[in-house]
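In structure tokens below, several structures.
Look for chain A in each of the two complexes below; its partner is chain B in the first and chain C in the second.
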Partner chain A sequence: MNETDLHFFIDSTVNYFEEVTNEKATAGIPYIKDNEPVVLEYTGIIGISGKRKGSIYVTTSENMLSTIAKVILGLKEVGKEDIKDLVGEIANTISGNVRQAYGSDFMISVPVVVEGKAKDIKLPDNIQSFVIPITWKDFKLFLVVCLE
Partner chain B sequence: MKEKVKLMIVDDSAIIRQAIHKHLKDFDIDVVGTAEDGKVALEVFEKTNPDVVTLDITMPEIDGLTVLEEMLKINQNVKIMVVTALSDKSTGLKAIKLGAKSFLPKPFTPEKLRSSFERLLD
Partner chain C sequence: MQTESLKDNIKKQEILGALEEGILCINEKFEITEEYSSSLEKIIDQEIKSGQTFISLFTNRVPENIVNNTVEYLNLMFKDDLDEETVNELNPLNVVEFHFENRWGLWTSSKYLRFRFNRLLRDKKIAGLIITVTDITKQISLSKKLEEVEKETNKQMEWLVNMLHVEPPLLKEFLDVSELEMQAIDKDLRSAKDKEQYDQVFNKLLRFIHQLISNASLLNLKFFISKIKQFESEVRKISDKKEIRSGDFVPIVIQLSEIRQMLQDVKVLMNRFKHFTESVRPKRQFEDGLIIRAIANLVQNLSTDLGKEVQFNYTRFNSSAIPYSYQQVVREFLIILVRFSILYCFEKPDERRSANKSPEGTLEIETFSTSRVFGFKLRHDGRLIRIERLLQKSIENTEAEIQEEKHEVRDQLGAEVIRLLFMPTTATTSLSEAEYSQEIFNDMEVAKKKLKMHRGKIKIIFTSENYCEYTISLPVK
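Coming up: the complex of A and B.
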């Protein structure tokens, strides 16, 4: 992973928020993930295979997901199932969109969703992981990228 | 009286299925089926014989491009709009080459969805 790779993921994430909510998200400075867990209330995980191998996950709060889901559906209230579904869809969209940079040999899995604050998300030990903090409105989302 | 367009929505995300339904509701459509994976999609397709399908690619069981080919074997006149996060050019070209009439990358705005759908119906 290098700076260019990180930019692909930042651009993909920022674009997601702009297209879906019409409001900009901002990316903080990426950092190397250490042993400190990076897990919020809902996490969507995508496995990567093909030209690059590894995992990508998006983790955020129920409040953020609920706010985005209300925008998408134009509703005043949304259910837990919609919130859970949405975190997987965000992870899927961000990962799928970076194929514009990496090409079609960047294969993504269907999302796996983890509900609740797990101890941490297991990532391959032998690959360095980067954390990209994202802010949208007053909400925080972390994108964790672990790619060979 | 002109018959409504029979629409089927295929996506493993429930929120995307709901969003597509909501944003297309002003068209003269009847949503005859939805599916959350490729296997169910083919079963529902055979039962409901839709005129138009919105079809995701990354799905459990059977991927969307395989589903696309199978649907066209069953009914070569069905109009299929691929709606996917796999937004690279080669995936778009592959979908069109396999017989999709339209390709809409996610994330999409309601306006982009409606204009793609309108062109599909023309």
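Coming up: the complex of A and C.
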């Protein structure tokens, strides 16, 4: 993975929040993922294959997702299903944007949503993964990118 | 008639079943006809139903652009007025990567397949296409591997030639220390959130870089030094920016990951060639010369830089007496103490003359050992700096020995000297001195940890106004 890729993922995530919620998110300094798990309450995973392989996932708290869902749907209360859909959609949108930029020889899977704090998300061992911390309002979200 | 047709069908199925290659036919609607070989399902790892479109075999298996190109190509193949051979040159499936996913849709493995197309003519009209599918994964993987190996071999050969003279324990220590430092940097990167913290991270990064360059220089690892210097220029470019955002750290993070990968590759290479290096590497004599040469160069360069004259005496320093496991720590301490002495203690020739001293200062190093301890000393005849003078006044004896954790006052004063060694002074006279002090601080912190790790001790002895001796002792394992 190179600088352009990482910048693209950062911008794509930050833009997502601005477009959807009209409120800017800020990205922290990305870092290399080690053995320490990066998993919060809800995780949306997208598999990537084609010319480049790997996966990306976003992981965040129920509070953050429910706040975003309320903003998007204009509801006072949101259910678990909305929250699950949303985390999948965030992952999907980010990887979709990336696919648009990289062209159609980049395949993305349908999002897989993991509910609850899993031990960790299994990523390919032979590819280095980067963690991009994102802050929106006071909430934390991590985008983990593992791409050849 | 019907029996004959049935027999023909059975025969056809038997033949198709016996084929290793995948064979199928499609009509002009691109639908798979009844005749296909059973190995096809195995090759593409999916069940085939007659009537299913050929294109559907590629769903989630190959990227969209290849699917689109395939549709276009098939349309051309069904055009009677186009030459088959010419159209075949456009075959997008000549070599295609088939992707396989797990139950969550995440990519797990790939196969490389070759699809060949031939027209099936009936009354000189194209009635369909016969498609042959061959699994060429082994062939492709092998050629890819060969390519990679070739690329890797060139790189590894260059590294290996550079690594052969290095003692494996020294290299291992270098890798371990670098890895530890990288972990610390990673930790700092994760917690930095504002400008102040960014500045701190840059300071630590530069310190880490100097440490790496210094350590790699001692081992003469040229390929590594060149990579780190490249990294340094990137860090400096970013740290010089007026306004720094988190995104500016991206190239740093990427390069850090490359350095980490490099360290990992060196480790793998080291393990692979451990025995080889033991038998063919240049012997101790070469390495003994290396440490002395490194220190002599440092004395020469630093004193010239700072306009000082220093005579370096190492006749009583026996580098072959240094236990293997202590070589790195001995080198590091020598470098730090030499830097400290030249920077703070030695006066410029004019000052020395006014103090009735020889214009040229003397710096001596020596080794000593007993059955329990290995140690080395560094002695200089430069001026005693303020903290050393303070220390001297408080000690009644003409020869005082300050040892860490002895008496409260001595502890405190000894610690102050040590701290001075560890910290950059605020009284630097030039930018270059400031840079040197920063480096001393950087190096010393790591060396201090190492000394503690080896249960080593440092003593500072003053025998007169003009004489200061540092003694480092390490237990023999």
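In the analysis below, the second predicted complex is superposed on the first by the 147 of 148 C-alpha atoms of A that agree within 3 Å, B and C clash if a C-alpha of one lies under 4 Å from a C-alpha of the other, contacts with A are read in each partner's own complex, and residues count from 1 in each chain.
Convention: a residue touches a chain if its C-beta (ideal position, glycine included) is under 8 Å from a C-beta of that chain, and two chains touch if they have at least 3 such contacts.
As the structure is a computational prediction, the values presented were derived from the model and not from experiment.
The superposition on chain A brings chain B alongside chain C with room for both. With chain A as vertex, the superposed Cα centres of chain B and chain C define an angle of 140 degrees, given in steps of 10.
Once the two complexes are laid over each other on the shared chain, residue contacts for A:104 go to chain B and to chain C alike.
In the superposed model, A:45 makes contact with chain C only, not with chain B.
In the superposition on chain A, A:3 makes contact with chain C only, not with chain B. Contacts of A:130 after superposition: chain C is touched, whereas chain B is not reached. Of all Cα pairs linking chain B with chain C in the superposition, the shortest spans 8 Å. Residue overlap on chain A between its contacts with chain B in one complex and with chain C in the other: 103-104, 109-110. Partner chain C is touched in their complex by these residues of chain A: 1-3, 6-7, 10, 26-32, 34, 45, 47-51, 53-55, 103-107, 109-110, 112, 128, 130, 133.
Within the complex formed with chain B, the chain A residues making contact are 15-16, 19-20, 22, 69, 72-74, 81-82, 85-86, 88-89, 92-97, 99-100, 103-104, 108-110. Residue ranges on chain C touching chain A, taken from their complex, read 60, 62-66, 68, 99, 101, 104-107, 110, 183, 186, 189-190, 192-193, 201, 246-247, 249-251, 253-254, 256-257, 260-261. Taken in their complex, chain B has these residues touching chain A: 12-16, 18-19, 22, 58-60, 84-91, 94, 105-109.
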